[in-house]
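Both complexes below contain subunit A, partnered by subunit B and then by subunit C.
Entry: the complex of A and B
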């Protein structure tokens, strides 16, 4: 259920209930993010209590990607099955600027910037 | 050549003002669409080029420039005529502002829709518009339309845009110039 290529990797650790994003994720449009969306959805279904999205090693995410993650948060809010934790880095500007928006979509998203 | 329609802070920094540094490149849209990773490559190159202007490594600024430039280059590539056309990208570095300009050519219909979107962006409550758009998205929507909105909402920037029609006899097109003036955060 993982996605790995030359530019980025997305790995779901079922035991840790975490999805770790690494590299640079800049796909053409939201449609191209379908495999990412499917991975997020499957990880959500397999997790209980809390799911962590770890972006600390993701250097870039374009607006289509941010839209995909935001849509996932909205869907998680609507199903209200588990809480979300989002990990980001203050030294990577897109994370420092954009991840906080996820908490504004759903107050149960705990955004931790380190 | 038609008269250009100009919106927003198009001349926030006048074109004649001499920058500290300047970088420009021109590519064909088809080159970017066919090899999509080139958009990121162009953005990373522009960002890295300017990162060297600072005596200490400034990963944060580099990440900011690349993020902003990438969104503009992606838009230029997506909304261009793919052949007999070009996307022109320029960066001008001033003491506390980066002026990023992307010019592309497209159909009159795309230009008209984009012009209406620019008008909305320039008059909207960006915070409200951002979350409203996310909440009202349909699963079937292919694009996000969030790029410029995200930049203006989350980054210290000003937007300017110019639309100019050209051609004749059923071969009319529009030239779109987008300028983002990005304040440098120290």
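Entry: the complex of A and C
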């Protein structure tokens, strides 16, 4: 249930209940993000209590990518099955703004920037 | 429409939530795009700043070719007809021993700066500075044709010799006992031009026997003179006045190279000495003799221009 290629990797650790994003995620459009959307959805289904999205090593995420992540946050809020924790890095400029903005979609998302 | 009032109210609330989500989502995506654009702009600024710094280490032609993408950073090379120029200060080693290093550094940088400006004005590619020596070539990355490249190189060399006289006078006047004399050698021939070195550190330069000939001509030239090979002379003989000199032997070349000392370029008219010559932040001004009854209009204009330029520099230096 992982996605790995030369540009990026998305790895779901079921035991840790975390999804780790690395590299540079710049797929062509929202449709191209379908496999990512499926991975997020499957990880959500398999997890209980809390799911962590770790973006600390994701250098770049394009607009279609943030749309996919935001939609996942909305769906998680609507199902209200588990809590979401989002880890980001202050040294990557887009993360500081965009990850905090996820709270506007669901105030209970725990965004931690380090 | 069907459904109870409660169901409709519920549906409206649901639609309002979706609408609100969509609006927030759009704002978030906009914020994200803006953050990326700003980041991109910052990165562009950094790149431009680095490119500007890099500019000072490259000749303008080479810089334009690299930034414009016509030259790649690969270890590639090709053969091309070039005119190669070498210059060297006479007895520079003796000079370095007799002058304070700080003064010498200032003098050398001023000299190299003035020579570089002339090289760029005439379209030469500055290959490298070798201590006080300068290596320039004409014909790559851009060429105006073999003859025009050779001609531009000779014009540049004569202009440099003219400038050197002014620099010499300037230094002597400023208490620097530096008898600046420069030898120059020019040769034309096929060279291998391109990137040489390793993938990590490469130089865009020229190599080949013709380069060695130009270097040898420079070391054989008289002080304050420009020595050219027969292959260069053949290209420009209708435009340049020369004095035939003794042939020189070059290591690795199995025949003597006929040489010629350049005197002037008659079509450009006699090399009139300039009244005013800017040197670095200062200037040298020649003896001015002005007689309202006998000085012609042309000379009067030159004197006026020289005095205005001189006054402007003196005035600026006083305010600094």
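Some points to look at:
Convention: the second predicted complex is superposed on the first by the 114 of 114 C-alpha atoms of A that agree within 3 Å, B and C clash if a C-alpha of one lies under 4 Å from a C-alpha of the other, contacts with A are read in each partner's own complex, and residues count from 1 in each chain.
Here, contacts are C-beta pairs under 8 Å (C-beta built on N, C-alpha and C of every residue); 3 or more make two chains touch, one makes a residue touch a chain.
All of these numbers come straight from a predicted model, not from anything done at the bench.
In the superposed model, A:63 makes contact with both subunit B and subunit C.
In the superposition on chain A, A:98 makes contact with both subunit B and subunit C. In the superposition on chain A, contact of A:50 is made with neither subunit B nor subunit C. In the superposition on chain A, contact of A:29 is made with subunit B only, not with subunit C.
In the superposed model, more residues of subunit A are touched by B than by the other of subunit B and subunit C.
Once the two complexes are overlaid on the shared chain, A:38 sits clear of subunit B and of subunit C alike.
When the two complexes are overlaid on their common chain A, residue A:71 makes contact with subunit B and with subunit C alike.
Note: residues 60, 62-63, 66-67, 70-71, 74, 93-94, 96-98, 101, 104-105 of subunit A belong to the subunit B contact set and to the subunit C contact set alike, using the contact criterion stated above.
Taken in their complex, subunit B has these residues touching subunit A: 36-37, 39-40, 59-61, 63-64, 66-67, 70-71, 74, 78, 130-131, 134-135, 137, 141-144, 146-147, 150, 154-155. For subunit A in complex with subunit B, the residues that touch the partner chain are 7, 24, 26-31, 59-60, 62-64, 66-67, 70-71, 74, 91-94, 96-98, 101, 104-105.
Chain contact summary for the complex, subunit C toward subunit A: residues 21, 24-25, 27-29, 31-33, 35-36, 38-39. Residues 60-63, 66-67, 70-71, 74, 93-94, 96-98, 101-102, 104-105 of subunit A touch subunit C in their complex.
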